[in-house]
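Same chain, two partners: chain A is paired with chain B first, then with chain C.
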Partner chain A sequence: MLKKLLYPSSVAVIGASPKPGSVGYVVLENLLSRFKGAVYPVNPKYDEVELWGRKVKFFKSVLDVQEPVDVAVIATPAPTVPKVLDEAGRKGVAAAIVLSGGFAEAGNAALEEQVVAVARQYGIKVLGPNCIGLFNAFADFDTVFLSSERAGRPPRGPLALISQSGAVTAAIMDWAARRGLGLGIVVSYGNEAGVTVTELVEAVTDDSNVRVVTLYLEGFRYPGEARKLLEVARKVAARKPIIAYKAGRGRTAQRAVKSHVAAMAGSYDMYRGLFSQAGIIEASSVREMFDMAKALAMQPIPRGSRVLVVTDSGGLAIQAVDVLEELGLEIPELPESIARELKRELLPFATVSNPVDLTGSATDEHYKIVLDALLPTAFFDMALVITLVQVPGLTHNLADYITAARRYGKPIAVVNFGGSEFVIKFERALEDNGIPVYPTPERAAKALWALYRYGEVRRKIAIAEAAAA
Partner chain B sequence: MLKKLLYPSSVAVIGASPKPGSVGYVVLENLLSRFKGAVYPVNPKYDEVELWGRKVKFFKSVLDVQEPVDVAVIATPAPTVPKVLDEAGRKGVAAAIVLSGGFAEAGNAALEEQVVAVARQYGIKVLGPNCIGLFNAFADFDTVFLSSERAGRPPRGPLALISQSGAVTAAIMDWAARRGLGLGIVVSYGNEAGVTVTELVEAVTDDSNVRVVTLYLEGFRYPGEARKLLEVARKVAARKPIIAYKAGRGRTAQRAVKSHVAAMAGSYDMYRGLFSQAGIIEASSVREMFDMAKALAMQPIPRGSRVLVVTDSGGLAIQAVDVLEELGLEIPELPESIARELKRELLPFATVSNPVDLTGSATDEHYKIVLDALLPTAFFDMALVITLVQVPGLTHNLADYITAARRYGKPIAVVNFGGSEFVIKFERALEDNGIPVYPTPERAAKALWALYRYGEVRRKIAIAEAAAA
Partner chain C sequence: MTHQIVARAVADGRSKLREDEALALLRAYGIPVPDFTIAESEEGAVKAADQIGYPVAVKVISPQIVHKTDVGGVVLNVADAQGVREAFRRLLEGVKTKAPYADVEGVLVQKMVPRGVELIIGAVYDEIFGHLIAFGLGGIYTELLRDFTMRVAPIDEHDAWEMVREVRAYRLLTGFRGMPPRDIDAIVDVLIKFSRLVTENPEIREADLNPVIALEEGRGAYVVDARFILRPS
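Up next is the complex of A and B:
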């Protein structure tokens, strides 16, 4: 339904501009330099301009374009938007992305009503207004009007973000780009005058390039939207995990949401209830949302809640255990027989218990021995592996041993912390092989919890479906 | 009292070794390459060895050294430690740092008792055993036996860390080094057989190079230690902030603490009560401890709890407000008269309320106008400034404007997020000028809370002192 919005063949940029730094300039430059489909700049002030070493033809109106246009990206001043959208409607565009601000969020609800009316008349799917648009790495389609020097573009990858806030979206993209996090699809939906958050969740979950959907939510724009999201999420959550972060929990925050995106914040309890019923995993911060998303994209779903903790740092294991217990995960004792065997193979002063503390004298082989002895057994559902590679006995081989333990089909999260080249190379080796790495035990524990929670979501849906059948 | 331990003039390395990678080698290399005082390698197996391009003379025993020795660093196998410590005692060392493990933490309580007995006999201050030792950037004194390729050494700076866990200490150092965080003094105290955590807190707080003391605690080794720490902390907290992170809160964690450092974890509630009574600020993670420490080292103490929030991202402001409210800080409305004035000077669609939302169309000057209008007034005690510099209107001048607002004498914390060069340069400009920057609103809010909390600690102590006088 939103296929043409996400994967257009041709795009008109209404309000395209040859003035460096302007919104119409950045969008045009991004599209002309990377987008494989047709790009039609529209601006009545220009005919043909020499830009980026080539002659770029401008159209007076989108109606002057002879070829079909799938998507109109609109970057003209707010008062002109109804008129240019009407032209785009007559041209027959399937969707429009309205980057312009100055609508309901600025008190101009009537102007936004006009946009909605035009969109209805022609059946145009309108994203925005007051949004930074869409970034789809798989289609090389990028309408984000911030230069890539400031707001980097992440690499292709299985994570998708649907976000109500433009600036937060830009910052997340920049951060993901820096870390090489595969955030392949990003949609900023702003005032939600046309395309709703629920439609986006449905469309993005349907996308075969996407494995995990993240949702940055401040409030619902429309009464009834919560119910719609609930229905859709219940359907799609069995196929792909949806993780949401809800900003605006307290009273002052709810006042701020209203002026920010012209939306109702509603009570935080309502959102929590909705997420829980809909099978949406709730994150308590943006960072946590991506910590969880990374694990869900890389790792299998555990069968239960029993975590094996292996460490070379007693201190960090203690922190991990604290958080795992708070999250309701189990840290069962080792089976007697295996513990006896391990005692013979590990260092005499290692603690053969759960957590298994190999101590600062650990070697790569000690980790291998523990993982191979315990992870294949029915006693554990997942592993939290702490590797402070600052200690002298560890080498980069450890990354291979941990990666090899993937064969047991159980989730693994690694805690690693520091900043030297040695440490960074070690982390990259793990993540390149699908093992997520976190700088603190808290974050790794929460990521494992998300895997467990998603398993529960799927089990519940399966039971409900079986009962309904 | 511990002055000679922290700032020795001469050091003997007992168990010094010419074998690359060994503990005795790394320690010797670190000391010979940087320490300005005298260094005496002790190992009966060697006479003179060519090392690092020079001839290094080894002593058979510390008793063979003619000159006075302040500190003995001991890296020999555990069973030999009582004997070499006895020699160090006869030599008249003031302090010893026992790096060796294999004592109470490995079930050898009797061996540790022997060490304690020798230390008592000669009045030697013993740090450890089972520790990674001491790093004092101000004295170029470094007994951390991990190579700096893996465990970086932080630059000189006003933060100090006292830590019970060796590996956590190494990882924190590596992380601080990478981020340029001025962690000037680091003490790992391991089994606490001699020098206690309380003595260290007192000594480090007395050090004029230190502005903020951080404490990584798993459990107290001795009954009565909690009371001693309480007494000392109450005395010193008025002069310098102490921030503590207590690992090991749940039941499984407490079991793990016992085997890790031979300490009693005790109930978490007991620790919380102790911190609160002692005026120690509690952090909920290692990362948060340093977030707070950075703010306390850079910023003044606020007079009250009222926070001005200025932002170009409505979304992030909402998150900030959520956390500030949860922490009990206030976000008061703007005074009418100033709000009216600001409405004339800011963009028509800016939200002139608290948070002040300048929107994604913000310029550097908008921030300046808001900070200059509100921060000098009696209505606000501190500012949380959110600058998503991904938006087009902001330049590096903004860092100068924010830095200039320091003249109002009120704490400022900045939220900035992303990863591009532009973003990183902006952050560096702020931090180089004493404005702490955090990647999330949550972390900045918690840092401001720590400043507020420390203000409360000081007020309470002042009242108690006035009442006692």
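Up next is the complex of A and C:
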């Protein structure tokens, strides 16, 4: 349904401008410099302007464009939007992205209703208004009106973000770009007058370029929205994980109520219940959402909740165990027979239990021995590997050994931190080969928990589907 | 869809179900409630208690009283006819001094349920979410400890099990510190039936089943007190 919005072959920029710094200028520059499809600048004030070393032709109206237009990006002042959207409708656009603000969010609900009415009349899918639009690295389609020097654009990759807040969206994009995090599709939906968050979740999970969907949510706007998202998420969560962060967690419950339940129930409790029911994994911060997303994009789903912890630092292992247990994951003891073998091969002062503590005298080989002896067995479902590579016995070969353990088909998360060139190269070697690395045991544990939780979601959906069949 | 008990209350312009109506509504949906009768006189109360069998609870019925315990409107563990007479008088006296504005319509005589783990099951209507079902630790500490979880109605069996396992009070149900394990299947059953009740009666704005008493494994779970707030028509 939203294919043309996400992957248009032609775009009109209504309100395009040759004035540097304006919204219409940034959008036009982004599209003309990278987008492979046709771009039609629309602004009655200009005919032909020399821009970026070429002659750019402006159209008086979108109706003057001869060729078909898939998407109209609208950046004109709010009061003019119903009129230009009407022209876009007559032109036959499939979708419109209304970047302009000054609608319901500014108290102009009536103006927003006009936009909705025009959209309905022509069957236009309207994203926004009051949004920063859409970024699709796979289509080089970018309507984000912030310059890329200030808000970086992330590389192509399997993560998608659907976000209610424009400013937060831009900040996340910039942050992801600096870390090389593959956030391939980003949609900010603003006032949600047309395209709903549920439609976006459905469209983005359908996209074969996307492996994990993240959702930044402030609050629903329409009655019935919660139920709709629940129904759609329940269907699509079997195919792709959805992670949500709900901002605004105040527990202000309904006032003037007569029952205990109504007095206790804040809106955040309602969202939490919905997420859990819908199979949406809840993150407690934006950072945690992407920690989880990274693991879900890179790693397989564990069969159960049993974690093997391997470490060269006893202290960090204790922290890992604390968090894993708090999250309801298990850290089972090593089977006696394998432990006896391991004792022969590891250092005499290594601790051969779970966590396996190889100590600061650990070598690459020690990690390899432990992973090969334990991960392929039926006793463990996943591994949390702590590698403080600052110790003398470890080299970059360790990254190869850990990567090689992927063949056991069980999730692995690595804890490593530091700032030296050596450490950074080590981390990059792991992440380039699909092993997620986290700077603290808590973050790695939470990422493993997300994998486990998603496995539970999948099992729950499978049972429900089998029962319905 | 709407049950006649709810329909009648709405038609009368009432925003709350009477105690006996609330219990009858639950019973109509297959949710276990202890035997009960309404009595308007002292003699009627004794007759009702004799029929139900002792011990009984005697509770005041008044449209103006929302929290009965706050005005001394409940007498528990009444063992015999003499006790019922005393309870009846005490309730009327108590209400007269603590809630002089209240019209007393009678008393509810209810079979006492043995001690068990006190839970709360409830519902709330939200403009965006529609009806939600809540489950948590019941009794007098409910609002203090806030140990509860919610789901969008209707819920299925899987949702109900998740709700029960999610709250901290779950440990009380599985046999905490030598206490016997409780009838969790019965609680899940109440949750699902209550979800159906709420979904089929969209006029319900708020509802509390508090306490729901979970007895030992195999003995069931009973709703002892219920409150339904209706949407004004």
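Basically, the second predicted complex is superposed on the first by the 453 of 469 C-alpha atoms of A that agree within 3 Å, B and C clash if a C-alpha of one lies under 4 Å from a C-alpha of the other, contacts with A are read in each partner's own complex, and residues count from 1 in each chain.
The rule we apply is simple: a residue touches a chain if its C-beta (ideal position, glycine included) is under 8 Å from a C-beta of that chain, and two chains touch if they have at least 3 such contacts.
Everything quoted here is computed from the prediction, not taken from an experiment.
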- Message: Counting residues of chain A touched by each partner, does chain B or chain C come out ahead?
- Response: B
- Message: Going by the contact rule set out at the top, does A:L230 touch chain B (first), chain C (second), both, or neither?
- Response: second
- Task: Have a look at where A:R428 lands relative to chain B and chain C in the superposition and call it first, second, both or neither.
- Result: neither
- Message: One more residue to check, A:G418. First (chain B), second (chain C), both or neither?
- Response: first
- Query: Given the touch rule stated above, what does A:R239 touch, chain B (first), chain C (second), both, or neither?
  - Reply: neither
- Message: Just checking: does A:T351 make contact with chain B only, chain C only, both, or neither of them? Give me first, second, both or neither.
- Response: first
- For A:R34, decide between first (touching chain B), second (touching chain C), both and neither. neither
- Query: Who does A:K3 touch here: chain B (first), chain C (second), both, or neither?
  - Reply: neither
- Overlap of the chain B and chain C interfaces on chain A comprises residues 257, 259-261
- Message: Quick check on the complex: what are the chain B residues that touch chain A?
- Response: 21, 23, 101-102, 105-107, 132, 145-152, 163-168, 170-172, 174-175, 177-179, 216, 218, 247-253, 255-257, 259-261, 285-287, 312-319, 321-322, 325-326, 331, 348-349, 351, 353-355, 357, 359-361, 388-392, 417-423, 439-440, 442
- In the complex, chain A residues that touch chain C: 219-227, 230, 254, 257-265, 267, 269-270, 272-274, 276-277, 460, 463-464
- Note on the structure: As the complex stands, chain C meets chain A at residues 16, 66, 120, 122-124, 126-130, 132, 134, 142-143, 146, 148-152, 155-156, 158-159, 162, 166, 205-208, 210, 227, 229
